[in-house]
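Note that subunit A is present in both complexes that follow, paired respectively with subunit B and with subunit C.
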Partner chain A sequence: MGFSGDSDSNAKAQADAGAMVGANTSAIDGANDDVTTKPAKVVLREIVDAVYEQAWDAKKRGEPVGWSSSKFPAEIAEALGLAVVYPENQAAAVAAKHGGRRLCEYAEALGYSNDICAYARISLAVSDGAPAEERPVPPPDFLLCCNNICNCMTKWYENIARRHDIPLIMIDVPYNNTVDIPASRVAYVSAQFEAAIKKLETLFGRVWDPARFAEVCANANRTASAWLRACGYCAMKPSPLSGFDLFNHMADVVTARCKPETSRALEQLADEYEQAVKEGVSTWRRDETWRIMFEGIPCWPELQALLRPLKEHGANTVAVVYAPAFGFQYGDMDGMIRAYCRAPNSVCIEAGTEWRAALCRENSVDGILVHYNRSCKPWSGYMLEMERRWRKELGIPVVGFDGDQADPRNFAEEQYRTRVEGLVELMRANSVTRENGAPL
Partner chain B sequence: MAMDEGILTRSESSGWEEAEAVKGKETLQSDERRATDFVMGLDIGSATSKCVVLRLDGAIIGKAVVAGGVGTEGAEQAKSLALQDAGILSDAAPMRVAATGYGRHLATDADGRFSELSCHALGALRLFPEARTVIDIGGQDSKVLRVSERGTLESFAMNDKCAAGTGRFLEEIARALNIPVGEMAELAASSGKCLDISSTCVVFAESEVVSHLARGASRADVLGGIFRSIAARVGALAQRAGICPMVVMTGGVAMNAGVREALADELGMEISVSPLSQHAGALGAALRALAQT
Partner chain C sequence: MSEKEIKGTIEEVFSYSARHPARLLEEYRAAGQKAVGILPYYAPEELVYAAGMAPLGLWGMEGSVRGAGRYFPAFYCAIARMNLEMALVGVLDGLSAVLAPSICDAMRPFTQNFKSARPDIPMIFLAQPQNRTEEFGVVYMTDELARVREELEAVAGTRITDDAIRDAIAVYNESRAERRRFVRLAASHPSVITPERRSDVLKSAWFMPKPRHTAVLKTLNDAIEALAPENWTGGKVVVSGILADSASLLSVFQDNRLAIVADDVANESRSFRSDMPLPEKDEAPLRILARGFAGQGADSLLHDPDLSRRARHLKGLVEESGAQGVVFVMMQFCDPEELDYPHLKQALDAVGIPNAQIGYDQQMRDFGQARTQLEAFSEMLADRGRRDCSAASSTGR
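On to the complex of A and B.
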């Protein structure tokens, strides 16, 4: 299998992200055959499309459809054979297709503050019946919510549950104020896993099959392994990919990580990166003068604007914590629970800082660009202190910019451009200083 | 310590006047200057355009600032006025032009374009070689730059998307109080007490101003509060970047003595300014152009 020479997903990032929402009719059943004939990015896109298609099919058959937060243990619904869609992924796809502002304003007209997460506003608008042709989803019959990703999620899902009068299965993962996950925390979350399974069995007449659960977990682990392998190629110099490619492919890890076709497609993706290294090609078709970490969720409506000055200055994104954060592996139930306890917004600042610092060291990062995301205050809130620690520990410049993951009203391109240019100037000064101490 | 081409701190204004006089004599004889004799730095900001003309030996021979930034005729006017100030014929072409500011990409005749970060740092260092912290408050951005002893940009912090703590904030308040921006500091000097005004949002602050005025507060006291508000906002930014003396202020707001004094109080240290502070970005751009000749 060859590397996809036409991938150039950085240049077409916006189009690719938007294409994820297109009505693709390829069934998952065909994905196994496709992997040898189609580029991985095409197969991966089809897998996400199929997740939503299957949910619509289930709805047509009169079966329940769930809406799930991105880091709810997907293994549970998959093992029970329940169709699930993912509002965060839907909101990202809507935003990438420039529908974010329309749906945010719809939600604000319902009375929701523009201070709350734009994913939440988009999802609340959709739950109220607002059209979202960019990525349509069937109305929910039940909700799966885990607050490991953020606590706004809790109220967001409670609102939808009340609006539709449907069951909400909640798993509470408290913030981890220590690096290690204590046994008491594992026991607390484990009991909730069991309760969630029992409730879903009761609600929908399903029978829990431990063998099927083991199979699903094996798939999830294989997916995570392939995903982390693909992410790992960012460490190559030059990198055969851009971190923005990973942002696009994350949709599969969020929505279909328990499916064997996802594992295979991500293995193909990693193989393609390996081949690209051998051939000396990259989806980043620019000089790789600088290697940066992009911290945070991207501004989906503004991918082109984000990439433009990076391309001009040859600054390739070779580290993104958001992507590998979804590549978690485990060996047993305790390990699985510990994995779900570790999300970017649920780990303490020491763990979060080192998580990213290690990535910067491994991937030879020259500077860090931090997205102060108006939608994600927990994530952005501790960035100021992380910035300080990274500067001190890594000796590289860190620059922040204001934006939003889905509401374009919170992003100003010229302000962003100035900050990127500042980062480049700092990286250049840092590089020159290291080499010969010359001034500006 | 200030350098010799018309630079001063608050206590060195006589030096500036003298330098101006020397330059005036020189420019009277410069009508025959050749096109390759000078370079130009252009700073097209959100509210104003600035231009600095440098002789090839680095001497500042012309400068101009005009109201009207991105999307206006301001840049062309600034260039024309700076040439006139330098005593150079208006059709003479500079050897090189470098542009900075938000409108730098609109400067089609520029040979190079640079961010205002490095340009303000360079300009400030030229004005004050001992500068280690540069605070630039412009029309749309406020920024704090840390520069090293070797003259490298070490780090910077900038305001978020909100206009609080920027020149635009002052303009809005001047409009609300119905006084020219240039007279704000003088009026505030008569303030008896500083009112407490929000530093978080221009719109909120303007509402507070109206409330204070409705309760009978004087405009001077309101302005004192406004200057404190800006100082608190920029002071927090400076703490993020790290403050190290000498602290130099650039940008148009540097010319406002009220903000300057409030910021000096907030930081607890002296702030140095020059009559060329507003031109620092353009000066830095001109130095960039000079470096490329």
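On to the complex of A and C.
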């Protein structure tokens, strides 16, 4: 079982940049068609490609195609057999292939401020007809918007709905200030699920089939469980994977979590990690002197720049919050609704801190690198406080850097490099202190 | 009331209150009344009033960010950063609680930062529904309000009765009506009710006891109504945005002879343009408040299935007020407003309504750019006015 997904060479890192967001890259050309012999990373990439191909096919057949936010309950469209693509994933793919700036500037020329989330700007440009060869998507016939991750989503989708004059199905998930989700909020979201299903049935003449829904939910649960199992290998010392691989495979969990092939491919991935542990190999082909958590979405246009100093210092990423964020499982409708109420940006600071702290503990993290992502206000807005809490609770250093997930103009490599060096110094000092048995 | 007396009343009552909320807070406390901070947006102030406590609007403050920079990176709006700054520098020390809605992406982390920064000030959290008009939205909002009511009761140390809420609704509806009347009257007397005076009258409602604000405003409105109509030769504009209460910014309007004849501003008309509805048979007062919230709209913060509602509202404001154009006062880093802007601009351009966008932040010291833009805008409006006049006279109209 090959591990071609190393993050070692620059050329490889670039190929991975495409892979990370499931974009078609030449790396998969000539891949063996025999599923059993393909590495999981190739299978996973093809699954994402297939999501987009199916949407194009649907369009050609005259069927409706939806654009969906990443944490809209995918189970609904899947159960109704509706083709859906994911603008956030598209934006990430475009950004990883260096189209982010072009499309952000296109959106700015339409009057959108450069303060606005770069995913939104990219998608608004695409919705206006800007070419996005990096990851082309069919124009939308309907929109599935869930604001559990942000309200920017609401405004962004309103703009597209207005421009295309198409139906906008809006599921509103209010923000939570407590770890437990109040029952009245669950009831509110539940009623919206029902309304969304009815609306889609009416719009597209589909019939809701509870048996099909149960099947889809079972797939989603299986995917989540395989995802968690794969992510769990980060806890091994040394880790059989670079945590950046998980950013890579997140594309599948976003775009295809209800499909059985995704569950199978993630199970294969976990098996590969298992095997790698036995063989003592890893997709992180450097020393693992330091084990870090990378907090936030990576700067897609700058993956090489992000990895470079980490490689130089032997700092492997062994924790990313997307593991618990997308590894949600549920037993019934109520559980599913609660799961969708627990998106990274819809949980309170106590829950958000604990998600990450637990990961850091389980995965023996030495230090945390926080991406202050200019695009994502709900995310970056409480990170400074989380930093303090982590330092106190975990006794490990935390360092932040400024960047952006998709607009390269908001990232400065020099600052990043300096911050990584600072983190390494602090981790070193911390390990000496710990060895000497001094209090943290 | 003469013109001079009108100005005097505004100065003594409204400007004083608008500019010294901290003194009002002291006065409330000295009189043994608890005060509760009302954060943006659409917090059910009526419940605070019904609890016998004094609501005080929190819309940030002008100044620099210091301590809040330890919570928010630089790319956050003033509402988030300056309100936190106020909490950190002690301006909010006398408050018994704050009521904190979370409807915007900046306010989500704000609530978390607030409770981290000031655990000693109880934060009453509120998560309003975006799908608010359907029955399930009204039911959910009513539930949220019931929790808010309980938490307020704990702060007040007293029960909030249904009757007290009904009474509060009546008091607030009366206040809203009087403020709407003031906005209309101000539009026809722009040299007496300058942009700054207009702002003070409206802003003070966030700090003064509502019955007193309404009573004085009623007298003031009657007096303005009795004045002879003005022959205003300057420009007339509608202002749209989150805040437009900076004295420096308003003086730029004034210097360029731009009268604000209507507004779509969050801490002005958006907060009083619609009343709480009349009760349906035996309706619980919390449900009235929930339906009142459901009836809000034409706001960047509120999702509306009718996607052209805000544009229509803005065009309607221009038409009704006789404004010649719209000035967007764009709060820096305000995603909701920034995401509405291109469409609104397009909608106004399409019907030939001149519009300009000026950037604003509470940390702003230099209004030079706003001055240049508003000078140009004002000249453009005057030119259009002259052209329209000569076109009208050449066609014999």
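Following the convention adopted for this analysis, the second predicted complex is superposed on the first by the 405 of 440 C-alpha atoms of A that agree within 3 Å, B and C clash if a C-alpha of one lies under 4 Å from a C-alpha of the other, contacts with A are read in each partner's own complex, and residues count from 1 in each chain.
Assume a contact is a pair of C-beta atoms (placed from the backbone, for glycine too) under 8 Å apart; a residue touches a chain by one contact, two chains touch by 3 or more.
Everything numeric in this text was worked out from a predicted model, so none of it was measured.
Which partner chains sit in contact with A:384 here, subunit B, subunit C, both or neither? Use first/second/both/neither.
It touches subunit B and subunit C both.
Going by the contact rule stated at the top, is it subunit B or subunit C that touches a larger number of residues on subunit A?
Higher number of touched subunit A residues: C.
Tell me the contact category for A:301 with respect to subunit B and subunit C: first, second, both or neither.
In the superposition, A:301 touches no partner, neither subunit B nor subunit C.
Which of the two partners, first being subunit B and second being subunit C, lies in contact with A:349: first, second, both, or neither?
second
Identify the partner contact of A:176: answer first if only subunit B is touched, second if only subunit C is, both if each is, neither if none is.
second
Which partner does A:161 contact after superposing on A: first (subunit B), second (subunit C), both, neither?
After superposing on A, A:161 lies in contact with subunit C but is clear of subunit B.
Touch check for A:422: first (subunit B), second (subunit C), both, or neither?
The answer is first: A:422 touches subunit B but not subunit C.
So, does A:112 touch the first partner subunit B, the second partner subunit C, both, or neither?
So A:112 only meets subunit C here.
Of the partners subunit B and subunit C, which touch A:372 in the superposed model: first, second, both, neither?
both
Quick check for you: in the superposed arrangement, does A:432 touch first (subunit B), second (subunit C), both or neither?
first
So which bits of subunit A does subunit B touch that subunit C touches too?
Residues 372, 384, 402, which sit in both footprints.
Which residues of subunit B touch subunit A in their complex?
102, 114-118, 121-122, 140-141, 148, 150-156, 158, 160-161, 240
Could you please specify the touching residues of subunit A with respect to subunit B in the complex?
For this pair, the touching residues of subunit A are 372, 384, 391, 397, 399, 402, 410-412, 414-415, 418-419, 421-422, 425-426, 429, 432-433, 437-440.
Going by the contact rule set out above, which residues of subunit A touch subunit C in the complex?
110-113, 115-117, 120, 147, 150-152, 154-156, 158-159, 161-162, 168, 170-172, 174-177, 182, 184-185, 187-188, 191-192, 195, 345-346, 348-349, 372, 374, 377-378, 380-385, 402
In their complex, what parts of subunit C are in touch with subunit A?
Residues 70-73, 75-76, 80, 102-106, 108-113, 115-117, 125, 127-131, 134, 136-137, 139-140, 143-144, 147, 300-301, 303, 305, 307-308, 330, 332-336, 338-343, 345-346 of subunit C touch subunit A in their complex.
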